[in-house]
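Some structures to go through are shown next.
Look for chain A in each of the two complexes below; its partner is chain B in the first and chain C in the second.
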Partner chain A sequence: MEEVTPLQDVMRQDDATRFAFRDDRTRAARLAWQARIFGAYFVQFLKMRLAYRVDFIIDTLAVLFSLVIQLAVLSVMFSKVRALDGWTYPQVLFIYGFSLVPLGLFNLISVNLYGFADEYLIGGRFDRVLLRPVGSLAQVIFESFNVSGLSEIALGLAIMASAGLKLGAHFGVTDALALLFLAPGAALVYLGVFLGITTVSFWVEDKMGLAPPVYNLIRFSRYPITIYSLPVRLFLTFALPFAWVAFYPAAWFVGGERFSKVALLTPLVGVLVFGGAALLWRRGVKNYVSTGS
Partner chain B sequence: MSDGATATARLAPWRRSPVASLGLYGHFIRLAFLKFLAYRLRYYTGVVSYTIFVAGHYYLYLALYAGRAAEGLGATVGGLTVREMITYVAISWIGRSLYFNNISRDLARMVTEGEIAMHLIKPFHLQSVMMAEAVGEAGFRLIMFTIPIMLVVVPVFHVGAPAGAAALLWTLVSFTLSLVIYSQLSFLVGCLAFAMKNIQGVLRAQMVGMDFLTGVIVPFTFFPAWFQSAVNWLPFQCISYVPVMIYLGKRTGPALVDGILLQVAWAVGLTIAARLVWRYATRRVTVQGG
Partner chain C sequence: MEPLIHVRDLCKDYRLTDRREGVRGGLLDLLSPRRRDLRAVDRVSFDIQPGEMVGYIGANGAGKSTTIKMLTGILTPSSGEVTVGGMVPWRQRQQYTRHIGVVFGQRTQLWWDLAVVESFRLLKKIYEVDDATYDRQMKLLDDLLDIGKLLGQPVRKLSLGQRMRCDLAAALLHRPRVLFLDEPTIGLDVVAKENIRGFLRGVQEREGVTVILTTHDLGDIEQLCRRVIIIDQGRVHFDGELSELRRRVGQTVRLSVDLRDPAASADLAAVTVGLPVNWDDETGLRHVARFNRAEVRAADVIRLVVNDRPVQDLHLAEQPIEEVVREIYRQAAANNTDSADDTGTGAAK
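For the complex of A and B:
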């Protein structure tokens, strides 16, 4: 007798050819292709933003205003004392300047994480994301930007430069390379922490609002961590690793021998935190059920 | 007179008796209280937020005073000892947990989304409604937010007691006036949305600037003299600096009376200013669909 292929198998095969994303390109080619897509996303976003030039200027002014206030607070503090737990004004200023670079990088791409539960999960935008042959996480992250992040990065670099001049430090090529290595590492820590919080909404509706208290911790991660008590230091190093977004990496430049080795762990911490959050995200996507809206 | 006409007479704000007005706005107070009660879960993490704010400044100021001791400088900064400074920080944030609200953001949203049109045709004054809602929200905050924060912050950071029973009483009066000043100021900021299409940047600046200008982050006595005389002319100090200084017993006798009177003057002045701005702004409001 003739072998009859069961109907179900036929369908499965058919589905497979229909839905499988035929991809015989190399991994590098695929990455370059994705980078081009997200580059196009960014250009598109910039065009959209520049249509509202006044908004952009006001946003930048708001960033500048908050910076002036932070600097005023720091300078007033240091008009009353020469050193906080041994850290002088230029050193603390440098840490603050450094903190703005990863924060700017993070702010640039993180806008969509805040509204993720409302817009993507409840509003149904996530269905559209899943239909496209590009990673869901990358799409969500790159679908919108916050251009004021760019101002933060520029201002952070300027503050680092001026604090460096005050310290009389000579920054060379190694330091520039270290910055290229440490700042994105620190930004990954931010991204990992907030991605982790966002991912929770795949399972439970976040009625508590977990992000704000965590976000509010950021401003205290800019000060030398040594001023805090031991439990707080341990908490910021291991539990909610915000010590790695500013103090530890910045200490590579201004912290002397004591912190230079620790600082170099920053990118590793970034990869660990972000990797953990990305894994959680993948499980969340598997768990995702559309609301149908 | 037909039933419809009596209803109009009752509803029309210019025919409403003061008692009826009080009843109407009293209703908004109650509704706001109930609305926030429904969202009370959010405020549990808020307690953590405020504790973080106080903790961060606590360590910062401890380091500052310890640094001064090590450098052989005086034990008081800007007239405050380290204990008073910790109390200053804690009471500032406890007070903020009470008077804070989002009037500017809510008003801006109503304007940009066109919802404002529906409010303009209703027989009430939106400024008074928002003030009433702010009172209701503050009532909710007092019970579900400010008191829990106090229960955590006061023992953990050894916050000092008020300078006396009278000081405590006047602090409460003063923070009540802060609520009016903060709300009216916030309403004025929200009115900017009539002139600008997008005020996200302004709202962000308000978020950042307010805590600084009200003295929540650093007391004004830390600043150079020119800055102190500049803030004396601004309403912000009446939101936090004045009540906290009363609590600490740094404002007594005539200075206390001056502080309270200044608060009353700003509360009245800003309410009138907001009324005028509102009148001008609503005359030329354009709603784009909505």
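For the complex of A and C:
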């Protein structure tokens, strides 16, 4: 007599439903579920970091130390600058402070893009990513975090506050709301640009050499764009849109009438740049050639 | 019944770039790369019914892994169609992967630095396994794989055999309908191999899961699979039952005879004259006869020898499966050369 376990009973009941593969959930339910997964990924990441306790403590100390150093360097740097092409020192300082917020957001989630070609494509981790029922890009981005991004955000907010005081400006609820839209929008511009560069490694085997020089160009974005000649301005606005990561959005707060409308385009530019890169990514995944074995 | 897995004319071409030597070659490569297409999988077709356990075998570079990667949605084929449970793996990847389990013997899918149980909990969230199912699956998998003691340990501290047990458990947590195993026993010792095979038999009986297994170890196939598909240079050369494979290759058996008194092999050949039996050329006490079971009955050979002279011992063995598969490869290679010759003469005309 064959022993029928409860499991086998269940099997027989749901066999019919199991046979047809399908997913009846609504789009909203799927999104909510994905958000929960990435929360779980973040918790997992923290646990992993805490597993190496000494490393974690050293990292935290290093982040604090670099914060202090950066503040010192800044105060020396800006003690020399009084005004720049009609922009006052507090205005320039504010733009600099703002630029750190989206940069911090971007650095927080972009660590895996730098090692993507080596670790995921050549190292073979991308196979596993594709075997999970979660978006591949989201998995890669949320599998690792750079916690020092948080300190950049904090530093940026502090600089903006102190520059704001010097400007004598009154920031209200509208400004806080604007920051909530402009900073993530600007971060999307960063993410889109570097994702686009990363995606190239789906087609080109060679290691990604483009990211570091492009990363260095970010510093041009921290100054008022009006100090540059027209070709540079056009380049930073349309070709490599780094004007949108700091100057344009920050100008909403300190640029007066002239830039307030342009600034509000930042989230749109972010969505466009990131959307284009994400489409490129999808094509890359189709073209993905796994490693042997 | 409608097949669960349906594969038709599946092809995958890889574009290779041949590198030239030296600095000048490097520059030339940059300007005009020498590209050629390599067909890794060539018009592969098969159907698999629900509940089957199929061995997919071939030498290194035969196209095994490429096929599996297309069936699991990792790679997009160059042409051809695949449906599994009505879904196209690479098009509906995210939904599709909820219904399959995949184990790559060479790589773990667990988080390296975390305790095993943490990986399981994350997978539970990813695959949305409800608590009741999770508890039941964990109990079943612990019964079959004995992983209870390993759950608290970080994956990096596990032995290869332990890790493989945990990987198998991870792949089955969400009760997949289809299980893809790529070299599940690679690098394992005899005992660990036996454990894994026993587990696969058990889980197949109890869960009714459909299994596709690629392996180098034909012991896996012999113990687990009724059906084998043999692939070489991207093409299917055999698809059928293991017994049919033996029959097709010739199903040679090997009879070794220990005589009480020394004799020459010619003496024994004289005893079985009239039957298609080959005796290895030896003198002394031990002699070996080879014959095809379809043509000669072993009992006849044994009776003739035993009636003729005193025999100490007899041993009858099937041709090892390795030899059978090697024979298929040999035939496949011969066919390939034939077709290459054909095109050669065609071009000359």
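The rule we apply is simple: the second predicted complex is superposed on the first by the 236 of 293 C-alpha atoms of A that agree within 3 Å, B and C clash if a C-alpha of one lies under 4 Å from a C-alpha of the other, contacts with A are read in each partner's own complex, and residues count from 1 in each chain.
We take it that a contact is a pair of C-beta atoms (placed from the backbone, for glycine too) under 8 Å apart; a residue touches a chain by one contact, two chains touch by 3 or more.
These figures come from a predicted structure and were not determined experimentally.
In the superposition on chain A, contact of A:A117 is made with neither chain B nor chain C.
With both structures placed on the common chain, the touch criterion links A:L84 to chain B but leaves chain C unconnected. In the superposed model, A:L61 makes contact with chain B only, not with chain C.
Of the two partner chains, neither chain B nor chain C is touched by A:V271.
In the overlay built on the shared chain, the residue A:I218 is in contact with neither chain B nor chain C.
Residue contacts after overlaying the shared chain place A:V232 against chain B, while chain C stays out of touching range. In the superposed model, A:L210 lies in contact with chain B only, and not with chain C. In the superposed pair of complexes, A:V134 makes contact with chain C only, with no contact to chain B.
Touched by chain B in one complex and by chain C in the other are residues 52 of chain A. Contact residues of chain A toward chain B in the complex are 52, 54-55, 58-59, 61-62, 65-66, 69, 72-73, 76-77, 79-85, 207-210, 212-213, 216-217, 219-220, 223, 227-229, 232. Residues 4, 14, 17, 50, 61, 65, 69, 72-76, 84-87, 90, 93-99, 102, 104, 106-107, 109, 111, 113-114, 118, 122, 125-128, 136, 140, 154, 175, 177, 206-208 of chain C are the ones that touch chain A when the two sit in their complex. Residue ranges on chain A touching chain C, taken from their complex, read 5-8, 10-11, 15, 18-23, 33, 36-37, 40-41, 44, 47-48, 51-52, 124, 127-128, 130-135, 205, 286-290, 292-293.
Against chain A, the residues of chain B that register as touching in their complex are 41-42, 44-46, 48-49, 52-53, 55-56, 59-60, 62-64, 66-68, 71, 73, 77-78, 196, 198-202, 204-205, 208-209, 212, 217-218, 222-224.
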